[in-house]
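My questions will all concern the structure given below.
Naming follows writing order (A, B, C, D, E and F), and every chain is counted from residue 1.
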Amino acid sequence: MFSIEKNGSLGKLAILTIMSSGEDEADLKRQGEKFGYRLYKGKVGSMDSAKIFAAVETAAKKEGLIDERYREEHALYHSVFEAYNGMCRGQIGLGTVLRSAGLLFCIVRGTKLPGNNNDGEWIAVALYGNMGAPIKGYEHEVLGLGINPI
Amino acid sequence: MFSIEKNGSLGKLAILTIMSSGEDEADLKRQGEKFGYRLYKGKVGSMDSAKIFAAVETAAKKEGLIDERYREEHALYHSVFEAYNGMCRGQIGLGTVLRSAGLLFCIVRGTKLPGNNNDGEWIAVALYGNMGAPIKGYEHEVLGLGINPI
Amino acid sequence: MFSIEKNGSLGKLAILTIMSSGEDEADLKRQGEKFGYRLYKGKVGSMDSAKIFAAVETAAKKEGLIDERYREEHALYHSVFEAYNGMCRGQIGLGTVLRSAGLLFCIVRGTKLPGNNNDGEWIAVALYGNMGAPIKGYEHEVLGLGINPI
Amino acid sequence: MFSIEKNGSLGKLAILTIMSSGEDEADLKRQGEKFGYRLYKGKVGSMDSAKIFAAVETAAKKEGLIDERYREEHALYHSVFEAYNGMCRGQIGLGTVLRSAGLLFCIVRGTKLPGNNNDGEWIAVALYGNMGAPIKGYEHEVLGLGINPI
Amino acid sequence: MFSIEKNGSLGKLAILTIMSSGEDEADLKRQGEKFGYRLYKGKVGSMDSAKIFAAVETAAKKEGLIDERYREEHALYHSVFEAYNGMCRGQIGLGTVLRSAGLLFCIVRGTKLPGNNNDGEWIAVALYGNMGAPIKGYEHEVLGLGINPI
Amino acid sequence: MFSIEKNGSLGKLAILTIMSSGEDEADLKRQGEKFGYRLYKGKVGSMDSAKIFAAVETAAKKEGLIDERYREEHALYHSVFEAYNGMCRGQIGLGTVLRSAGLLFCIVRGTKLPGNNNDGEWIAVALYGNMGAPIKGYEHEVLGLGINPI
């Protein structure tokens, strides 16, 4: 079994959580929480890129992963933007270039390495799913990860 | 335990392999091979982005993951480029913007879903590691994934 | 007269066809078909970039230039995207940056060089026309070419 | 035969010239000169993108296609940059992303349409050739066109 | 006090004007006009990037900063585009990436240096303001400058 | 005279300082320091973009504008990158695209608005100077501004 204590890190926790389900996912969450990580995993699909940003931001606020200050929202926003850029692989756009994305997202807040607070808290946003033509099955996997200090 | 048969896919196999080690990694490989996936995992670190492209291409040829035709090299190259773009998150460059990357890479060739050959073979390239200033510890995790038909 | 046999290639055939009309265009088509090239030339104008993607994709399907599998649609899509990027010259967008494009498009499927099937079939998409402010005459020529194995 | 008077334009002249050779090329030049177009066609191949810029700029100065003022060099430079972006199709770089280009370039200075001086002179730069891995035959065609008022 | 004669230049005049108000702004305008500079300062706020382009273009035409020819509109357009790219800092988009901008813009037409007409007239566009989430106070300053010969 | 108290802000302070000299510059510094702003202004010129990053980072560390933690270096780095992107206006590169930049840089650390600490400290990096061909006088002004929480 994967051990956050031995092999874990902020980004890895976001990616493994987004790729897991059922008991594996629950175990990752439990292990993460032991080291002070706060996680949220949600779902969003759209041809409108703004909806992806909105889904992640709304979830982060509702779940208390960021506080009221703009500096926290800014860290989250740039992490979403980096993840969005990552999954677009250098060619930005969804509906504007006639493609659609069905995604899971995962937000994780905590230290870069478990139990090491020397460099404070960071926020990771992962996006994973399928992107392609707006036709069933005409799609392949995409993945993006953004990380910033918070 | 993660089951490729139940939850697997080409990109997920590349990402989980890059994030695993020891027995977990060996198990992923074994499971993958049962469904005809060919995998290779290697390591590359540099401030020179061309070295990342070279490391992946050299490994793919040496391991027989692509054949002699340009169309195969082209599919691999564009997958590396997409993964490289993904990990750069919209802002291309390593040494030219004074940053360095220490990476693992994973190449996987096979069907998009295990056991489903309707849409032929695809090739996935994942890059995962740390990027940052060329100073020890001044870095955070990055991840990129590129997928193309081959 | 231009001879595909002596000087031709996949991309050149797409570009010369898009720039020709009347008898010259018909002759290019005839010469191309002798070497197994399948061609289609159409027209699209818009401030909405998605319409350009849609026009090319719809034509390719209707004319049988791609089959039902996603890997063929994927090759076409990336060729359109590359051609679109090429005509935007590094600065993506039409209506979002208050400009419009009146375009011809040409899709060609066949070998990279006439009569040489060593490297299989490729698909080329060319876009050519005028781009500028949405005011008559406030525009200049633009051109883009994308090519991928299929 | 192609008639600049009937179907010609600045960009088309640059593209057709770059794709022609022998008598066809000479005829295009003759037709162009009748309408005041000044043309130059040259060759450059490199993994170093700066060499492409240098080859075009040097030729333009030597052939008297631009005068001594920076505003003329600026128009040429941005045309080269647009053509370079066009042929890179949204993903900038040659050697930095382990690829090479063998190119013809064509510079044309004159009116947007033959014989119509209402909107003054413009300068077009076309780049056409093959781009790919630095291995013989591992390449496909690329094309870029940039146009600016001068 | 700032002296255009001693320390001024086209871009600096645009930037200082956009950052000034009241008597300071009026003084910059007076000094600029002595050296033949024509200036206009306006305001635009939106989540729709096209509105920024439209606001600047409309103002330039209404104020007579550009004439009827496309080459003048083209110089202005590319200056706006460069300024827009500058304020977006490599990541294009407003509403499409769920952000909004409240901006001042300043257009200045004249020589690169005061009183030196060797290199003809150029046009500068500056954009300055705040960009951020569409929530009051969730924003930080942004700035862009574009300059082209006209 | 410009009053930081009445009209000032973090980004404006960076921009006005970079554009001032002599007594004006000293006055801005004095006013800024009264509100807790820490400023540094330096100079860098190069065809090698990495040198710009290095010059700003070295100055920030030497002047104590950032502390030892990576999160502070990260905030500075992204501000430099945003400013660099801003001055490149969507088309990244210096020597690689045969151009050079002679720049002033200004780093300012403090609150977004003078005397308002609700949203903590932010760091602004401004780059201002001339960019162009590596030939004397063949250049025009460029400007970039990047701001991040620290």
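Descriptive notes on the structure:
In the analysis below, a contact is a pair of C-beta atoms (placed from the backbone, for glycine too) under 8 Å apart; a residue touches a chain by one contact, two chains touch by 3 or more.
Source: prediction; values computed, not measured.
Where touching is counted per the definition, the chains common to subunit C and subunit E are A, B, D, F. A rotation of 120 degrees, rounded to a multiple of 5, brings the CA atoms of subunit A into register with those of subunit E. Averaged Cα coordinates give subunit B a centre that lies 31 Å from the centre of subunit C.
The geometric centre of subunit E is 20 Å away from that of subunit F, both derived from CA atoms. In subunit D, 70, 74, 81, 85, 90-93, 96, 122, 140 are the positions where the chain touches two or more neighbouring chains simultaneously.
If the chains shown are joined wherever they touch, the resulting network links each chain directly to all the rest. Contact residues of subunit D toward subunit B in the complex are 91-93, 95-99, 132-133, 135, 137-140.
Only residues 90-91 of subunit D touch subunit A when the two sit together in their complex. Looking at the complex, you find that subunit C touches subunit A at residues 49-50, 53-54, 57, 70, 73-74, 77, 81, 84-85, 92-93, 96. Here subunit B touches subunit C in the complex through residues 69-71, 74-75, 78, 118-120, 122, 148-149, going by the rule given at the top. Looking at the complex, you find that subunit B touches subunit A at residues 2, 7, 9-12, 15-16, 19-21, 24, 81-83, 85-90, 92, 112, 122, 124, 140-147.
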